[in-house]
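Here's the structure, in structure tokens; my notes come after.
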Amino acid sequence: MLSTLLIVEAGERVAGKSAEEFGKMDPTGIAMAMIAMSIVFSALIFLYFTFKYIAKLYNIDLKKRFRKSRPDIEHTEAHEEISGETLAAISLALNLYHQQMQGLEDAVITFKNAAKSYSPWSSKIYGLRKSPNN
Amino acid sequence: MLSTLLIVEAGERVAGKSAEEFGKMDPTGIAMAMIAMSIVFSALIFLYFTFKYIAKLYNIDLKKRFRKSRPDIEHTEAHEEISGETLAAISLALNLYHQQMQGLEDAVITFKNAAKSYSPWSSKIYGLRKSPNN
Amino acid sequence: MLSTLLIVEAGERVAGKSAEEFGKMDPTGIAMAMIAMSIVFSALIFLYFTFKYIAKLYNIDLKKRFRKSRPDIEHTEAHEEISGETLAAISLALNLYHQQMQGLEDAVITFKNAAKSYSPWSSKIYGLRKSPNN
Amino acid sequence: MDTSRNFWTFLSNHLFSFLGETAFMNFTMGHVVMIIIGLILIFLAIAKGFEPMLLIPIGFGILIGNIPFAGAEHILSDDPENLQIGIYQSGSVMNYLYFGVRYGVYPPLIFLGIGAMTDFSALISNPKLMLVGAAAQLGIFGAYAAALALGFSPSEAGAIGIIGGADGPTAIFVASKLAPELVGAIAVSAYSYMALVPVIQPPVMRLLTTKKERLIRMKPPRTVSKLEKILFPIIGMLFTCFIVPAAIPLLGMLFFGNLLKESTVTKRLADTAKGQMIDIITILIGLTVGASTQATTFLTAKSVGIFGLGACSFIVATFGGVMFVKIFNLFLKEGNKINPLIGNAGVSAVPASARVSQVIGLQYDKTNHLLMHAMGPNVAGVIGSAVAAGVLLSFLF
Amino acid sequence: MDTSRNFWTFLSNHLFSFLGETAFMNFTMGHVVMIIIGLILIFLAIAKGFEPMLLIPIGFGILIGNIPFAGAEHILSDDPENLQIGIYQSGSVMNYLYFGVRYGVYPPLIFLGIGAMTDFSALISNPKLMLVGAAAQLGIFGAYAAALALGFSPSEAGAIGIIGGADGPTAIFVASKLAPELVGAIAVSAYSYMALVPVIQPPVMRLLTTKKERLIRMKPPRTVSKLEKILFPIIGMLFTCFIVPAAIPLLGMLFFGNLLKESTVTKRLADTAKGQMIDIITILIGLTVGASTQATTFLTAKSVGIFGLGACSFIVATFGGVMFVKIFNLFLKEGNKINPLIGNAGVSAVPASARVSQVIGLQYDKTNHLLMHAMGPNVAGVIGSAVAAGVLLSFLF
Amino acid sequence: MDTSRNFWTFLSNHLFSFLGETAFMNFTMGHVVMIIIGLILIFLAIAKGFEPMLLIPIGFGILIGNIPFAGAEHILSDDPENLQIGIYQSGSVMNYLYFGVRYGVYPPLIFLGIGAMTDFSALISNPKLMLVGAAAQLGIFGAYAAALALGFSPSEAGAIGIIGGADGPTAIFVASKLAPELVGAIAVSAYSYMALVPVIQPPVMRLLTTKKERLIRMKPPRTVSKLEKILFPIIGMLFTCFIVPAAIPLLGMLFFGNLLKESTVTKRLADTAKGQMIDIITILIGLTVGASTQATTFLTAKSVGIFGLGACSFIVATFGGVMFVKIFNLFLKEGNKINPLIGNAGVSAVPASARVSQVIGLQYDKTNHLLMHAMGPNVAGVIGSAVAAGVLLSFLF
């Protein structure tokens, strides 16, 4: 006989107990909302200050050092220095462009589906590659 | 100690019993063939009538409604309205075309295999990207 | 209750026993080195002689037969018959070429990342495809 | 002759017993309702273009899960009557594939792919928008409180609340831990309302904002360097997971995927993570979540309650995001103020809610493009709801 | 000196014991035979182009599975002599990968990919061809009866019969449920005969048809709308699974894949399903099916019987398809008649048997292209054999 | 009022208990050290381009694995305190993904992909270079002996020795069988030294060779036919696995992948195996190996010992390869001699060590390109170390 993974109904973690206790002490959910929202906020405030600070630090110090050691990367960045307004405009332009492209893409796909080797006429991977007289 | 999935030889479903009974009553397999073929046929006859009916329904009713609400799709369909004879001819033409393409594709692959970055000279994904003096 | 895979800490293979015995008899590891290296060598010497022999056999006999039965493949081989020196030179050329290509590729990728439909503006696969007024 | 008679009796007996086992003989009104729901989801996906990547697998999964075959109640592995067809029958393919939903394996893998396709630049360039993403999580705890009031147990309420996070994988992950029997209803509800974001949010946004506020112009975001983009997933993971370790499975994977992308040296891994890998998981998670909505387990008062609470949570979340911006603006200098029309984008249906900001913004000023700014709270909402999920699990699991 | 002597004794002892464990010291005639079979399959795949996607993994798997190492009989997980090498040894990689074959997980996933690459247009445009696909399933039950007559148990006979369905994954799926120890022989047999379809079918077709019948021209198929293509997988799944719920794992996945394709809004999911996902499963299923043909378990009279029955089932299936068309034609008006040369295409070796129709058709009329028409019964055969598989499982599992 | 007081007490109690569970309250010096190591690996990968496909997943995995959450010691599946976060806690996502490392499933799948991307032509054209690949395996047994001397148990010594094989997946495979608790340290050590090959090898190579030897010119390799390329994986698998059956999981997969590639008729399978399939496994193996280096289990004297032995094994391996060439040359005719600067390439860090040969060779003769010749021992080393792994498993598992 081959072996098999034993599927059982036992062995599950006994959950829900801490939930019950919590629910008993905070039947309205207000405490949960207050604790949880303050944790969510503190996590993101933490990140906020870090990246506010990093941005400043970076502008002052790291950027220059970094520039020295990795000129190629800085070069790329130079290309990226486009104002936000421009970016917003570009983003919209791209959006429109996509809609057009989508149309084109569909056309291309239609052709490809007709032409590529993996559709109707050889649709199953275990199809023959050659038949004797063909 | 790490935990592991227990591999056991027990716990398998006790199969084969209904098979034995069936075999006893139908030792030649004729009953099986008759029952089974009638079920297979009824399933596919069901589908046959449905799509026969749908095709008619569609031509009369749904198609027009659909056309109003989604003109773009209908547009695509218009392109598809090619006679079956033509399709058969095209299919053969494509078949031949594939055989040619296959040749071309091989040539392209040969070149690509030589040129792409993931072959001999960097064949293992954990190959170094740079060596110090190179 | 849903079923679950039983995770247990038992049932693991009792390993390490043969290792202990081996270690006791060969506390310095010299026997291991001698036995193991001779096995490694014999495996690869085996392969060495086989392919030395196959190369000869192939040049004399199989090659011709093979050529008759599959002319297309031989054709491809003809293209491959380039001297090793040339190959080495080509390999270096390709290496350099890659470094250039890498640059080009990055440029292409940059553009593609900006242009393709699966970036910032639709970055989550469960993003809406259409909003009602847009 | 006797034998022949026996034969025909046997034949007709077996044919009739087979007919008795067909779904035609076993279906109930419940199955009809569920199949219609499945068809509606497929229709919405194809005809309206609502979330097709998820609604088609879920919708078709609902169809598959509601073929009412005989013997569905035999689910144990050693039960000889277990025909290994249904999703709850051990040994069936669907049951094997459902493992990833039931034990929360798929959602983190989807987060890996999302990380690999998300660009956090908008957030890095204006990090204070992160707080808007935090504020919108109010929807989660609003729905939690409402669910408690409706009589759901705390575990169930937590699983239901997470719908307000507007994150399918997060909802499935939390539900699989806190209330596995509700996974189907919660997932279907979460995805349905995400599809309806452009319908739910605009009235709430208009109600809460003044005309003057809607015209606020924001400074163009600054350019973000490659170094910052690389540091973001590393620091982001360390800080958020240090505070809420229970969010490691989701946030660890999200930021890992993002590092694969931003490091640029592991482009092929990022491409696979956000390509074929997320596709495979999306197919499997959608299909099995759909199939888990078997009429017998799904069509209950609880499911109806969950759908009601889902709508409520999205409204509260939008309220939270917009109101937070209005209050935050009181503390910001003129010129730095945030347009409250991007507050809704904290509901992290990416990029749907950010597009709503853009559309509503343009209705009041045709040159005021809010899309770029709204992407900040939008991706912050992804982080925020994963943090909130971690908090729920810490208290309730 | 004593120690040194001990050392050399130890050295030579261990070297000899190692040599005793090499495959050279453990191989038997059976292993030689199996290795030769593996080499032949690889040769056929490369030199003749027969089903390479499957014969190469299976062939190489046969080589791997027939390296005759010592201790292969120690298969339990806690057996200290279990070296975790062989496919039947728990804890070995091959054993983990074989799980998907042994428990029927891979075949439905392959059906997902097949669904995503199959175009049912030919069938939708002329739905009466569906019946031809049903008729060819006679091969399954013919082989079932023959297997019973040869003394196989009913379960085994069912697993063997399914070879006549000409569907590798279906055969593996049914065999994994009804007769797991025969999976290897059945799979190798099924794939071998699928590769030989162009050799087996033509004589049967010529024998059963008159010259006049072979010249029948069929109406060009009508164009099929996108809506019909979308409805087909939905209705097809509901109807077939309502009738034969045991076919859900196969037909549910097949039609799900097809909906992913035809809806057009989930193109990327369909591309992955029919691309990398089916590739991965194909590699794993082929390799492990091959490796499961260990000489000690494979080289039995049963295997020989299975190969004989396999050939027989393909002949009966071709007979069933062609004769059904001939009889069906008696009820059809002139102009609507079906060319019986497409009857063989109900044997769903896609597209091999449809090509045979085309080739034979052209031999009698150089302008009568049957390929397009033959695709209808061809894909109907995929559905038909999955339905037949469901029936077998209903009665025998 | 009393209730309200209770409420605030409850609130602050829970907030404080939550704070007590954050990683800030549980971290130790060990965690800091490990996080710094993770950051260094990520830095090396991005800034120096060292093995980014592996160092980024491993590095980020180390970060994830060293978030010091409370309750990490509750690892059993039925322990109510098990929060299912950590990699050693059953039921956590990381634990499920770690299965493939812990039970050696991932490495053979990576070998499949490596086989599909490796070109053995250089070896086939000059098969005597195979012996150089064998000689370099001396590093494995040198490290084994040294580990025994340092007091490691034989099993552990075997797992550590394999670092000298310069093969990440092989090292993980062997360690998962012989010393699963050392997998993390061994994997990190193996990949670190593979990244340092261009630093470690050159001085050893210069020390062992004379100027005259370094100038040896080798004959250009002959062209290899398609037939030979197809025969190589078949014969290679049969011969090596017949001699060392314990290497089947690695060598079977390696040569299987190679046959998928060289047969050319299964191109799409080879593309997937060396593409998305290896990518997915690479992501999972790297992340989980990294995460398994939890400070509490990782920062031990053993880990330090393993790092020391790793360096030693790479030096011995280079010594073995170069010295073997020098000795081998004594038996070769003038004109057939091998440049000992390709001896180091037996250390199968592909293609890093072959590039070292090329670079050092050019330093002494600007027209003597050794790259092509060094690829032979390089890929032979992959085979050689898998054979050595099999030998270790035969004796010690």
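Note that the chains take the letters A, B, C, D, E and F in the order they are written out, and that residue 1 is the start of every chain.
Just so it is clear, a contact is a pair of C-beta atoms (placed from the backbone, for glycine too) under 8 Å apart; a residue touches a chain by one contact, two chains touch by 3 or more.
Everything numeric in this text was worked out from a predicted model, so none of it was measured.
The chain pair from B-E, A-F or A-D that repeats the C-E interface, sharing more than half of its contact pairs by residue number, is A-F. Farthest chain from subunit C, judged by C-alpha centroids: D.
C-beta contact counts were set side by side for C-E and B-E; B-E has more. Subunit A and subunit C, compared by their mean Cα positions, are separated by 29 Å.
Subunit B and subunit F have Cα centroids lying 38 Å from one another.
Of all residues in subunit A, those that touch two or more other chains are 3-12, 15, 22, 30, 35, 39, 76, 91, 106, 120-121, 129.
Of all residues in subunit F, those that touch two or more other chains are 14, 18, 49, 52-53, 76-77, 84, 90-91, 103, 177, 243-244, 265, 275-276, 282, 371, 391, 395, 397.
Taken in their complex, subunit C has these residues touching subunit F: 6-7, 9, 15-16, 18-20, 22-23, 27-30, 32-33, 35-37, 39-52, 54-55, 58, 62-63, 66, 73, 76-77, 80-89, 91-92.
On the side of subunit D, the complex with subunit E involves touching residues 14, 18, 21-24, 27, 35, 39, 42, 45-46, 49, 52-53, 56-57, 60, 63-64, 67, 69-70, 83-85, 91-94, 96-97, 275-276, 279-280, 282-283, 287. The residues of subunit F lying in touch with subunit E in their complex are 103-105, 108-109, 112, 177, 230, 234, 237-238, 241-246, 248-249, 252-253, 255-256, 259-260, 263, 265-266, 268-269, 271-273, 275-277, 391, 393-395, 397. Interface of subunit E with subunit C (complex): residues 6-7, 10-11, 14-15, 18, 47, 77-80, 82, 84, 91, 265. For subunit E in complex with subunit B, the residues that touch the partner chain are 76-77, 90-91, 123-125, 127-128, 130-131, 133-135, 137-138, 140-142, 144-149, 153-155, 157-158, 177-178, 219-228, 231-232, 235-236, 239-240, 243-244, 369, 371-372, 380, 383-384, 387-388, 391-392, 395-397.
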